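Look for chain A in each of the two complexes below; its partner is chain B in the first and chain C in the second.
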Partner chain A sequence: MAVEQKSDIVELKIPCKPEFVGVARLSILGIASRMQMSYDDVEDVRLAVAEACTTAVSRAMKANKPDTFLTIRSEISDTKLTIEVEDSIPPTSTDLPEVPQSPDDIDEESIGAMLMELLMDEVKVEASKHGGTLVRLIKYAG
Partner chain B sequence: MNLKLETRSVAKGASIIDIEGEIDVYTAPQLKQQMLDLLDKGATHIVVNLSEVEYLDSTALGVLIGGLKRLRERNGALDIICPNPRIRRIFEITGLDKIFDIYSTEEEAIKALRGKEGA
Partner chain C sequence: MGTRRRSATAASTEDVDVLFAEYARTRDPKIRERLVMMHQNLVRYLAGKFVNRGEPLEDLVQVGTIGLINAIDRFDPSRGTKFSTYATPTIVGEIRRYFRDKAWSVKVPRRLQELNLAASKAAETLSQKLGRPPTIQEIAKSVNASEQETLEAIELGNAYDAISLDSRLEHEGDSAPLSLSEFLGGTDISLDNLERYGDLSQAIECLEPREKAIIYLRFFKGMSQTEVAKRLNISQMHVSRLQHKALKRLKELLGE
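Entry: the complex of A and B
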């Protein structure tokens, strides 16, 4: 008989504005610290989640929608940490920007995508049920 | 969350920007402005001192890359002082350690700057 895995869920809703990305970072630091992860892994999760939030904030600014919100939903289990960052700006593309081949081709958006890919075990961008964009980031424990 | 920025002139056309705090999407515009001010004043060499920086993200890296491109257009350079291994790792995993000259101490950065000026 399969043993059902227990998981805890933490949800944080913040204004989709630059000054609140630091709040998400602090919160994720606390959440990731609850996992069996090294200090480096916790720091990696913090940066990757901040990059997902920063991308959403930049998109909200470009779309001139400063009054929208960002939901950061973290699911903590024994084996993995899943973090979903959801905004309410419809996606223009669910493809992550391409990882640049040469450092000279690097721009801000591609660095953000690159960092998420490099720091997390899994990254997926999709249209959310609520009409926005959802970035799912997974880090496995141990 | 605060960012402290201070600029020191170290030679003609060369300045060090000392940064303290966290550079992210909220605070990076301050660094960008500081850099633009130096460029407007004719800077050809900027050294960004990240010794007291606890955190930086892609927006900070974007500002640094933008500054480097502008300085290279005038045959200048943007160098980094970064003794913090966590921050340095971000440059390394993104491959940016290959386009920036990164030094562990101010002394090393200044020595290299003098070499570049003499080149």
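Entry: the complex of A and C
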């Protein structure tokens, strides 16, 4: 934190509902395109963000809190793109869930978590200041 | 998705464990095949995540299955890792590699792919800065490439996404959708011929009456020089000479 890098911030607040995940995806296309990223990298970031949003949406549905919001905060700097997806459901565990064994029982949440790890350079799940869950995704430029 | 369970491939955790243990021991291709079938859902699910990048789902499933097979072959059940945990990165890796290497319909060098992105970004920034579309030179300067390279890079953006000739076109109305190939024209030879025919008939009009008659009888009626000579009451030699002269004149008129 010693050297504060110049960066731009874009914040998007959307209803925590499945039909708005596409809005997040779309905005990430615009944001990631601001950086010198390859097409594949941009698509990877979009997929990871969509996974983070989908996970949040299904958690909101399970917690029976469909009227909550998701905040997607993107920080664009020369060296990296940081995207924080924050919901208002407290985390059950900040560990990324394990992928289950049985082939027919696909646990979307755990695969989503795994996809994020595969597609991004850094993934961190933590309790947010506002009592929700915050997923931080980082992709380094170049 | 998770509930799509087919009795033929349904398997409990133990079944999978048993099969992997057996496969590790025997390397029996039949067991491998069963394991592949059992994990098709996982592959489909993962492939589905990548489907909006413009490649058909079935292609991605195929590629993902290659990843699955590799994972099955390399999986060591004695290590205690769960197979899907082990296989997911391999499957996703294979799908991503497919996009990286093959999704450009026309093979494009990696360097130009990157330059293409840099150039389009520079074009956008420059238009804002200059208040007008930038020139190629300006883009080239800003991405540190030669003009030629920059042009190539911009051009190849089109190579990312070639369109199938069989792709259906959006259109209004109730008729059946048409494919792109149905809209692509070929050279219509009869149109060309019509045009030439018009030129030719004009050229013939310019000939002397006797030459015109010879051309008509020789080439439209198909008579021999001797027959034409008889009909016009001149010698065959004369016909030959006049014909030669007429053809030469026609060639001149038609600009050949």
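One rule holds for everything that comes next: the second predicted complex is superposed on the first by the 130 of 142 C-alpha atoms of A that agree within 3 Å, B and C clash if a C-alpha of one lies under 4 Å from a C-alpha of the other, contacts with A are read in each partner's own complex, and residues count from 1 in each chain.
One rule holds in what follows: contacts are C-beta pairs under 8 Å (C-beta built on N, C-alpha and C of every residue); 3 or more make two chains touch, one makes a residue touch a chain.
These figures come from a predicted structure and were not determined experimentally.
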Who does A:S58 touch here: chain B (first), chain C (second), both, or neither?
first
Mind working out whether A:D107 is in touch with chain B, chain C, both or neither, as first, second, both or neither?
both
Quick check for you: in the superposed arrangement, does A:V21 touch first (chain B), second (chain C), both or neither?
first
Between chain B (first) and chain C (second), which does A:L115 come into contact with in this model arrangement: first, second, both, or neither?
both
Would you sort A:T92 into first (chain B), second (chain C), both or neither based on which partner it touches?
neither
Between chain B and chain C, whom does A:S38 touch in the aligned arrangement: first, second, both, or neither?
second
With both complexes superposed on chain A, which partner does A:T79 reach: first (chain B), second (chain C), both or neither?
neither
Once chain A of both complexes is superposed, is A:L47 in touch with chain B (first), chain C (second), both, or neither?
both
Both chain B and chain C touch chain A at residues 43, 47, 51, 103-104, 106-108, 111, 114-115, 118-119
Looking at the complex, which residues from chain A come into contact with chain B?
18-19, 21-22, 25, 43, 47, 50-51, 54, 57-58, 103-104, 106-109, 111-112, 114-115, 118-119
Touching residues on chain A, where the partner in the complex is chain C
33-34, 36-40, 43-44, 47, 51, 98-108, 111, 114-115, 118-119
State the interface residues of chain B toward chain A in the complex, per the touch definition above.
1, 22, 24-26, 55, 57-59, 61-62, 65, 86, 90, 93-96, 98-99
In their complex, what parts of chain C are in touch with chain A?
1-2, 4-5, 9-13, 16-17, 38-39, 41-42, 45-46, 49-50, 53, 82-85, 88-89, 92-93, 96, 99-100, 113-114, 117-118, 121, 160
